[in-house]
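Labels A, B and C are assigned to the chains in the order they are written; within every chain, residues are numbered from 1.
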Amino acid sequence: MSIKKVLLTGVIVIFCLSCAGIAHAKKSIRIGYLAALTGPGAAFGINMLQGHNMAVEEINAGGGLLGRELEAVVIDDAGDPAQSVSAMMKLVYQEKVDIVIGGWGSATVLANYKVCEKAGLPYIEIGASNPRVTRRQNNQWTFAGLQNDEKQAMVISKIAVDMGYKKFAFLHDSNDFGVGGRDEFTKGLARYHLKPLIVESYQFGDKDFNSQLIKIRRARPDALGLFGTLVEGAAIAIQMEKLGMDFPIFSMAGLSNYNYIKLGGRAVEGTICATHFSRHLSAETEAWAKRYEERYKGSAVMPDPNTAWLAYTAVANPFKRAVKLAGSIDKKKVRDALRKVRWREYGQNIDNHFDKEHAIVKETIVVRIKDGDYIPIAQEKP
Amino acid sequence: MEVLLQALIGGLAVGAIYGLVALGFTIIYRSLYVINFAQGHVFMVGSFMGFVGFSLMRRFSVAVFIFVLIAAAMIAIVTVFLVYGKIHRADHLTFAIASIGVGIIMENIVRMICPDPRAYPDIFREKVYSVGDIFISTQYIWVLAITLALITMLQLFFYKTKMGKAMRAVSEDRDMASLLGINVSYTVYIAFVISSIVGTMGGILIGPIYFFSFDMGFMTGLKAFSAAIIGGIMSVPGTLIGGIILGVTENLGGVYVSSEFKDAIAFALLILMLMVKPTGIFGKAK
Amino acid sequence: MKKSKSTANIIYAFIGVLLLILPFLCGYYLLHVIIFAGINLIVVLGLGLLLGFSGQVSIGHAAFYGIGAYASALLTLKLGLPFWIALPLAGVIAGLAGIMLAIPSLKVSMLYLVMTTIGFAMIVWIVMFRWSGLTNGPNGIIGIPSPTIGGFVLDSPTKYYYLVLVFSLLALWLMTRIVRSAIGLRLMAIFDQEEAAKSVGVNTTYFKVLAFVISSIFAGIGGSLYAHYVTFIHPDNFNIWVSVIFLVMAVFGGQRSIPGITTAVIILTLATEYFRVLGEYRMIGYGLLLALGMIYFPEGIGTIKWSSIINIIIRLFHSKTQNTLKT
């Protein structure tokens, strides 16, 4: 079989595939939802998808948007930067969606936002907390629906210092999320002329943190700044308890998912972290959380209102209002509207909007884990 | 000093588990001279089944252990029947790729059932003993004890039972073994069943020490594979020791080598060792 | 004779035209996937040489791919070199790295070689991740410039497609020449019967190292093309799993068969995207593709002939009686 035959067959196959393009009814408004449904972020991805779907259902039940039905095209990118670019290309060029919402992980979003910038359609990312995602030259189309680490760190560090903690030890994941959190928290502490006593790191996937913890214990801190994701976080909390290290853990919103409590059990009591949502803030937040849990009870993944909210609010708040304000789904008009639109999320005391960097402006909610739940202890605008 | 001891203790337990998973590689390699890339995923599936079983029973139960091990054996038989048994030529690479496919399937099936990471219920009644500044958790002791018991049973099997001796014969010289009347394909099934059982055992034992998550198979498999090679893939005790070495150095690295490149240094040393003694620390030179 | 030659020419011309006008037949998405297929092809052709002709198994080729990508990115960003100089330099640097891996590989074989390549790949990955001063560590490198020809910037899938097309065809041509050349013959001799080859004076060391170097240069060039297309690279783009996928493609394609490898790369690259129709089961479909592929094409699809399809059907009936593994 010669090369030529192979190439010919291949090209014909490709040609056929490309002609199998799908025709869409131009009537519906299409949201492209990019989620990490496989891979390490799967649990989060599924929860966020639930929030997103709930918002879409509710809008459609209320007659749709601009008289048109909302249709969601969901694509999985496994939270992998390489796959994510292809997934975004599919959403933008083959599915021809009107807006993209989603994304998981800063490395992933940094890889895929370019596709939206080139094609000129709005992208509300809800999975990357690194400030670089929006803070760059010529950011025309990317909006951060997720409050970034810098802002979270400012509030958490203030709370920690106000509570009287001065001697911090840091333990961070060596990936960009952990390093970013560490750097932002260091900046936050620097405002009070404080520096961490000791900084240790670990690798994503590590199971045993005893060597780092013993070194930290020797430095005698009164608090631990933990920057990483919740699986290692829970293991760290458990190992800390065994080593008799009973000072509190401070962290970013990465630990505000209920899996952290489920995995860590007793050991995570007292952890203080940022969160994007808490059901205990108001009657509205509690009502929403109940509605969400009711809708998704019995799913393979434990419903998590803190995580699901991020996707729900992106659709139900900035997206919906921007489209209404723009009066059309013309991409430029929607983007301009996103820059202007204001809303107030359940539980917030200030109006929310996107600042000139396209980063979200909202109060950071600080929670402490008590009796297996995240209890709000403070709420501030960074 | 206490740091060193703590690292050693933790490393021993995790290392024993790596050793168990690594044994799965060893057993299959000795019989068939192929690498089973799904071994790490077998470990993960075992951990999952253990999690389900113990969560349902809510208390320690030997029945769950046995049930899970039987399930592991059945899964092994099914995969051999459906996939591995059909690879007539069994070129190492053909098998390797097929096992990669099987591993992907296992990982994704479990993901669809249980995407959340999960902690094992506290049925092992853990107690932590403090000796000075070091803590010793009873889990570690259980893990080591069970692993040693398993290794002993395996060695007895290979050296004292007819089946075990038959497998060793097949490993030495397949054609001769066949001529001598040994049913070679039967030994293949046994090899996969045993390797599935030890991998599953490892998966159950890691439950109390760490968590279960559907994506833990790949990296663990890779590390266990390295452990088998370090210790000597043709030797059962060698493989176990390879696992322990891996577990301990993983921990110790963090203690003594503060450099960010400690893992890179470990791999470099591994490569150097392979150049000097490719068959591993306890391997017999061929 | 004359008639078949002219029909052959017509077929070549047809293929050529199709390849040239492809961007106008496909949407950006499909074109994007094809670009990746082209880049993968360059890497896997090199791996195929190593695997099929010199019999050395490498689960570390993502390291050379990554070295090429990072080298090219840094040369253009930090030293301001133009893409057309950075690309070959990236290949050279990857080739040098290939020498570094080839040397320990001489001393170990089979299983231990696999482990050595894994170790090498892990070392490279760790360095990418931790040497922040050079590689920007876990933050990755952003803003890699697109190649320019004259004033023309290759920053869209359509334009980049032609670039990758040229390089893929070049790689195919080059590899075909190598394989049929003295190099290819000697490598096969070494693979098939190393002692015999030595006894007739073949310098086995030289050729084994050469195979490594050629394969790593191909991978490095692929990496450079990748970096300048996606403009953002991150250590996780070059992890062990990527190496495994390259190996899968090479084996699926039949190791020694260039048409087989080409087909395998196209099928497997398209599969990861087009299996999305399977929804949640996408990766299960991919796993099944691998498992079934190996069952029905144990020597890779390079050996596919129409008669094989008949054989598969026959085999399906006989498979019950044949469940033994033979070495």
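We adopt the following convention: a residue touches a chain if its C-beta (ideal position, glycine included) is under 8 Å from a C-beta of that chain, and two chains touch if they have at least 3 such contacts.
Computed from a predicted model, the values in this text were never measured in an experiment.
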Pair joined by the larger number of C-beta contacts - A-B, A-C: A-C
Furthest chain, CA centroid comparison against chain B: A
Inter-chain centre distance, chain B versus chain C - centres from mean C-alpha coordinates, in Å: 31
For chain A paired with chain C, centre-to-centre distance based on mean C-alpha positions, whole Å: 35
Chain C: positions in contact with at least two other chains: 130, 280, 283
Multi-partner residues of chain A (each touching 2 or more other chains): 38, 174
Contacts with two or more other chains, residues of chain B listed in rising order: 108, 112, 260, 263
Complex contacts: residues of chain A adjacent to chain C: 1-11, 13-15, 17-19, 21, 37-38, 75-76, 80-83, 85-86, 89-90, 92-94, 107, 110-111, 114, 118, 132, 174-176, 179
Chain B contact footprint on chain A (complex, rising order): 38-40, 42-43, 46, 174, 201-203, 205-208, 210-212, 214-215, 231, 234-235, 242-244, 259, 262-265, 300-302
Footprint of chain A on chain B - complex, ascending: 2-3, 6-7, 10-11, 14, 108, 111-119, 122, 128, 130, 133, 135, 137, 209-211, 213-215, 219, 250-255, 260, 263
Residue numbers on chain B that touch chain C, as the complex places them: 29, 32-33, 35, 37, 80-81, 83-98, 100-105, 107-109, 112, 174, 184-185, 188, 218, 222, 225-226, 229, 233, 260-261, 263-264, 267-268, 270-272, 274-275, 278-279
Chain C to chain A touching residues, read off their complex: 8, 11-12, 14-15, 18-19, 22, 25-30, 32-34, 36, 129-130, 137-140, 142, 155-157, 172, 176, 230-232, 234, 236-237, 242, 258-260, 262-263, 266, 270, 272-274, 276, 280, 282-283, 302, 304-305
